[in-house]
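Two complexes are shown next, each including chain A; its partner changes from chain B in the first to chain C in the second.
Here is the complex of A and B:
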């Protein structure tokens, strides 16, 4: 029982990171109709910023939480401006291709710059692991696990609230539901797109900060995060923010459960099988956005 | 030069690059021969992906998995079961094709990013399985590939391998070229550009896409199987997600609009790392940047670039939009056999009996009964939301009726599928023109002939090469239909370059080419100017008279409808509110009320 709880806690921790990454994917998709396959690369760079700040510069950890979202958000905005804006009129197919290779370009640049296998980043919060008694047994939680789980989830919900209730969120939602209409109402498509990419990139950067201690910084992080974020987003219905959070948590738990009780190879297989089942069974995800009826 | 010879040369041309490799191989060293074999396999993979990615517009991230199926499948057949090498390669291809089929059957219901994700699932699962089945595949350690032998002769020398690779690759590339340049490739482009239009002419989208996955995966698997002995050891990482992504670059960089794109892209990108050996570390980044630059600046890829350079050298200007339609050739339409007309004189073409269609709480069509006399020009009008389009869609099979019965020339078609309607002699046009812009006008019209079941399309692709008369016959019919609507000289022009009015004509040509008995026209003059509308009216009247074909026309333009039709049905709120001679129907008070919002008094006064 105690072991099971520890597995679940570990799963929720990873799930919270996936959820945060998935929210970024969903926000960008909702506001700009762009499926961002380069999101994993952004998360990886967020983790790299953490490494630079914490390990190389030896600045206090909180600066990473400020700098990573700012830098990665700005980078995402720049990528939208330079690469995706010129092809905005192209069909989705072409844009997806572009973001796939954009992701490769990001992780390759990183690989060339840092020719190491993996960069290690220390935990954000230190302290002895807590031993929680449970009947005759006991399970262990680390401060890092609690911090990452709660921090990532709170960030995710804050992003959700910003998108749902704040003014910038309103412009993005307007753009999402009807581009022409939003433009006619005075929303500048360029500004909203830039904003959405900044917002999505900032969430990716934060996901990177949360992921860095447990996952390390390497090009593999980009690949593993992008597949996890997409699986989480698809489970959630791809356009639902709350769905992305639940999808991420579900994915994290299922992954660690299968790694613990089946085999480590099952870990990555099971996430894809989960995605496959969801797509076949409910193509709109478990939490589809309610759409207006087309007449 | 005969058409047949020209066709044969056209399908052999891409393979000539491979044969050139063979010659080139005579003059270069061992390592360069190795690189040439690598490029030959890449050319086949590029061509296969042109079909799947360029034509069918399916983003596949499972190419690596298909390569793994081919390479591991063929190697294991040789090692474990002692199969001869070439047979093992062929069976590796079969295994890859099977993989493509298994992936596509659930996969093709998705598009764009969801399809990409499903292919990524397949890719990951195949690699995980290979890694885990250590006893069979050697797991992550890899698998030793034995030297290839043919009839007991060792083929492991570098030139021998190049020869073997080129021969096998030609055997794959030729049929692939035939399919991509033939009817199958055209149908793929048609459905990728307009699914609704494709479906209306019997192109089963699912079957076509499943075939695209199966065929391209088989080709990819064979290319990987023939390449495996060169590696000496194969391991799962060779065929990982990065292999999928970098092979995806072949058709993008080469150009996705012709088989040459895949061939050029595969060849160039396979040779590029050798050219850039001094900066080998940057090759992946270079690839990625190259792809992004291609997408941003020259989306047509190397093929387009080569074309533009060729034009500049010749001093020719790029083709411009085509505006003018030639006048309708009276001699062509006039000289038609009018067997339909004779039959049509009796009975009803279409009997709609008490048909209903409900969307949630909305009764879009509410117990409508209409009879359309054979040979007539029957108009259907009504204000927005009157249920015209819904009724129309139940007739054309795009929407299933909830109740009632639809009979066409005495046959119950209430529940027959869209695909079967051409065979019954029913075709349609669309409110929003649903032509296939990338195809030529002639190819657009040929699709209207039907015979678009996947089996007959695949076999039709070989017509040109086999010198079957059918291909010439189809062209003849298409040219007749184009001439009949006044697009006689534009058979080879890309349909997307036509003006809207001419695109409407093209739709009509596509609808009449199969000599249907009933044509459903959905707002045929919406968006075209007054003069063009008049011309289209004359055209429709002439087709109706000469071919004896019955027409049901939905239109908002009342003047057009009244002067075109000999019978008019008016709908309002899902019901029929008036029916009769057009001039008389439009003066009725109930019609004026729902249509013009006139009150009873004003109508009476008028």
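Here is the complex of A and C:
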């Protein structure tokens, strides 16, 4: 039982990071109808900012939690302005290809610039592992697991609240619901799109800060995060923020359980199997956006 | 009365011709002097500059270039300057292609394998076939070592049976009564070579149960492997993989119920970049071996001098650099320089190979560089330059060689 609990805790920790990354994907898609395949690259850059701040500059860890979302959000906004805005009226295929190659460009630029296998980032919280008695047995939980799980989930729920209740969230939801209608109500497409990319990029930056100590900073982080974030988002319904959170947690737990009781090598295969099962059972995901209207 | 038969160039030529006739010399080794001009010797090297093994190839390139600069600044070798041509090669196919390009297109005189075991294993057949004098810097794989090739020399990284034996010794020095030992090895070339050496050494230990677990290159999640060790109550683990793989395995161990463990890492994982991963407070019980006598962060004069040279050329080092592959690339190039110098001005592959086999205690200070590696020696039947290893542990937040 203790072993099972430790496996679940590990899965929830990874799942919380996946959830945070998935929310960023969903926010951008919900507001701009753009599927951002460069999101993994933004997460990687968020982790890299953490490395620069904590390891190179030796600033306090909290500065990474402030700077990474600001910098990566601004970068995402700039990418929207420079690369995606000119092709906004192009067909969906063109936009998707642009984000795919944007993601590759971010990863490869990092790879060429760093020339290293991986940059290591220390944990934000330190301390000996906590031993929690469980009958005659005991399970172990570390301060980092608690911090990452709670921190990432709280950030995710804060993002969800911002999107649902704040003014900027209202503009994004209006744009997602009906672009023409939103424009007639006075919302600017350019402004809302820029805000959505900033918001999504900031969430990616924060996901990078949380992911850096447990996954390291490398181009492979971009690939692993983007695939997990997409699986989580699709499981959740792709346009549902709460769905992205639950999809991320579910994916993290299923991956870790499969690593523990099947094989580490089967982890990715099991996560895609989960995706197929969910889509066969509920093609619109677990939390599909309501299409009907109350009359 | 003893009759003396002076060794003349003619007699050497006759001997080489006989050997060639018997098939003991590689094809083309007799008189090939490609890559050698009046004032230059071109040396080629290959290794990964990007990808999972860039922590080997990129430092290899930088270490070799730093030594080349130092040797050229001292006037070169017998009046000729060295010039390095480096080719990126990550996969086995890229390694073979890079070796072919360097030898056949760039016409290098000597080939340096700065790629680790994967590239060395891939290029092994090609270098044997062509006979190009080859210096294997980092490959511990037996594929490049067996069968013995007259034109292939090995540097600071010893064969896996030596490093594996050393790692097993460290386990039992730390835990003399250990009865259950885990082996955690990557599925790619060099960890597999080390794993074979580890298992061979562990076989000699009576009443020791060995639990073997493997992981893919670049793994970040060690749940299944650590749970297996926890279930089988393993007391010590030998890790063969990169610093990131070893680091995340050690970091995740308490989260999976693996506590009070002794960890012994192979040389590739013994890198200062592992310390932020596992946390400086969790380094007790973590040991490893190092292929050279000093870590970059130590304050012994040779390594301080080396760090000064490195920073003067490359600037502020990124995390984990310079590492053992920087140092080995640097010192090995001086060993190659010693062999080239011994081969004289009339350079040919056969002449270099013969001279290389007589090199004894070659070290950087022979050409004015700091001695940051163990001296290397060779003989006609033993092409392994170094077999010494330092025992390393993390002290005061950095890796240090604690016994040479």
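Convention: the second predicted complex is superposed on the first by the 292 of 295 C-alpha atoms of A that agree within 3 Å, B and C clash if a C-alpha of one lies under 4 Å from a C-alpha of the other, contacts with A are read in each partner's own complex, and residues count from 1 in each chain.
What we mean here is this: a contact is a pair of C-beta atoms (placed from the backbone, for glycine too) under 8 Å apart; a residue touches a chain by one contact, two chains touch by 3 or more.
No experiment lies behind these values; they were computed from the predicted model shown.
Chemist: Based on the superposed arrangement around chain A, label chain B with chain C as either clash or fit.
Modeler: fit
Chemist: Once the structures are superposed on A, label A:96 by its partner contacts, choosing first (chain B), second (chain C), both or neither.
Modeler: First partner only, chain B.
Chemist: With the two structures laid over each other on chain A, which partner does A:142 touch: chain B (first), chain C (second), both, or neither?
Modeler: After superposition on chain A, A:142 lies in contact with chain C alone.
Chemist: Using the touch definition from the top, say if A:184 reaches chain B (first), chain C (second), both or neither.
Modeler: neither
Chemist: Tell me the contact category for A:230 with respect to chain B and chain C: first, second, both or neither.
Modeler: Only chain B is touched by A:230; chain C is not.
Chemist: Taking the superposition as given, does A:55 touch the first partner, chain B, the second, chain C, both, or neither?
Modeler: Only chain C; A:55 stays clear of chain B.
Chemist: Can you pull out the angle centred on chain A between the C-alpha centres of chain B and chain C, to the nearest 10°?
Modeler: So the C-alpha centres give an angle of 100 degrees.
Chemist: For A:259, is the partner it touches chain B (first), chain C (second), both, or none of the two (neither)?
Modeler: Second partner only, chain C.
Chemist: Determine, under the contact definition given at the top, whether A:2 touches first (chain B), second (chain C), both, or neither.
Modeler: It touches chain C, and chain B stays clear.
Chemist: Looking at the overlay, what does A:283 touch: chain B (first), chain C (second), both, or neither?
Modeler: A:283 sits against chain B, while chain C stays out of touch.
Chemist: Of all C-alpha distances between chain B and chain C after superposition, which is the least, in Å?
Modeler: Value for chain B versus chain C, nearest C-alpha atoms: 6 Å.
Chemist: Considering only the contact definition stated at the top, list the common interface residues of chain A for chain B and chain C.
Modeler: Common interface on chain A, chain B vs chain C: 112, 263, 265.
Chemist: Can you name the residues of chain B that touch chain A in the complex?
Modeler: Contacts found on chain B: 57, 59, 106, 109-110, 112-114, 116-118, 120-121, 124-125, 128, 131-132, 241, 245, 248-249, 252, 281-282, 284-285, 287-289, 291-292, 295-296, 299, 359-360, 362, 385.
Chemist: Which chain A residues qualify as touching chain C in the complex?
Modeler: Touch list, chain A to chain C: 2-3, 6-7, 9-10, 14, 51, 55, 111-112, 114-123, 126, 128-129, 139-142, 145, 213-216, 218, 220, 224, 255-256, 259-260, 262-265, 267.
Chemist: Of all residues in chain A, which touch chain B in the complex?
Modeler: The contact residues of chain A facing chain B are 35, 37, 83, 86-87, 90, 92-94, 96-98, 100-102, 104-105, 108-109, 112, 223, 227, 230-231, 234, 238, 263, 265, 268-269, 272-273, 275-276, 279-280, 283, 293, 295.
Chemist: Residues of chain C touching chain A in their complex?
Modeler: 49-55, 58, 215-216, 218-225, 227, 230-231, 242-244, 247-248, 251-252, 254-257, 259, 273-277, 279, 281, 318-321
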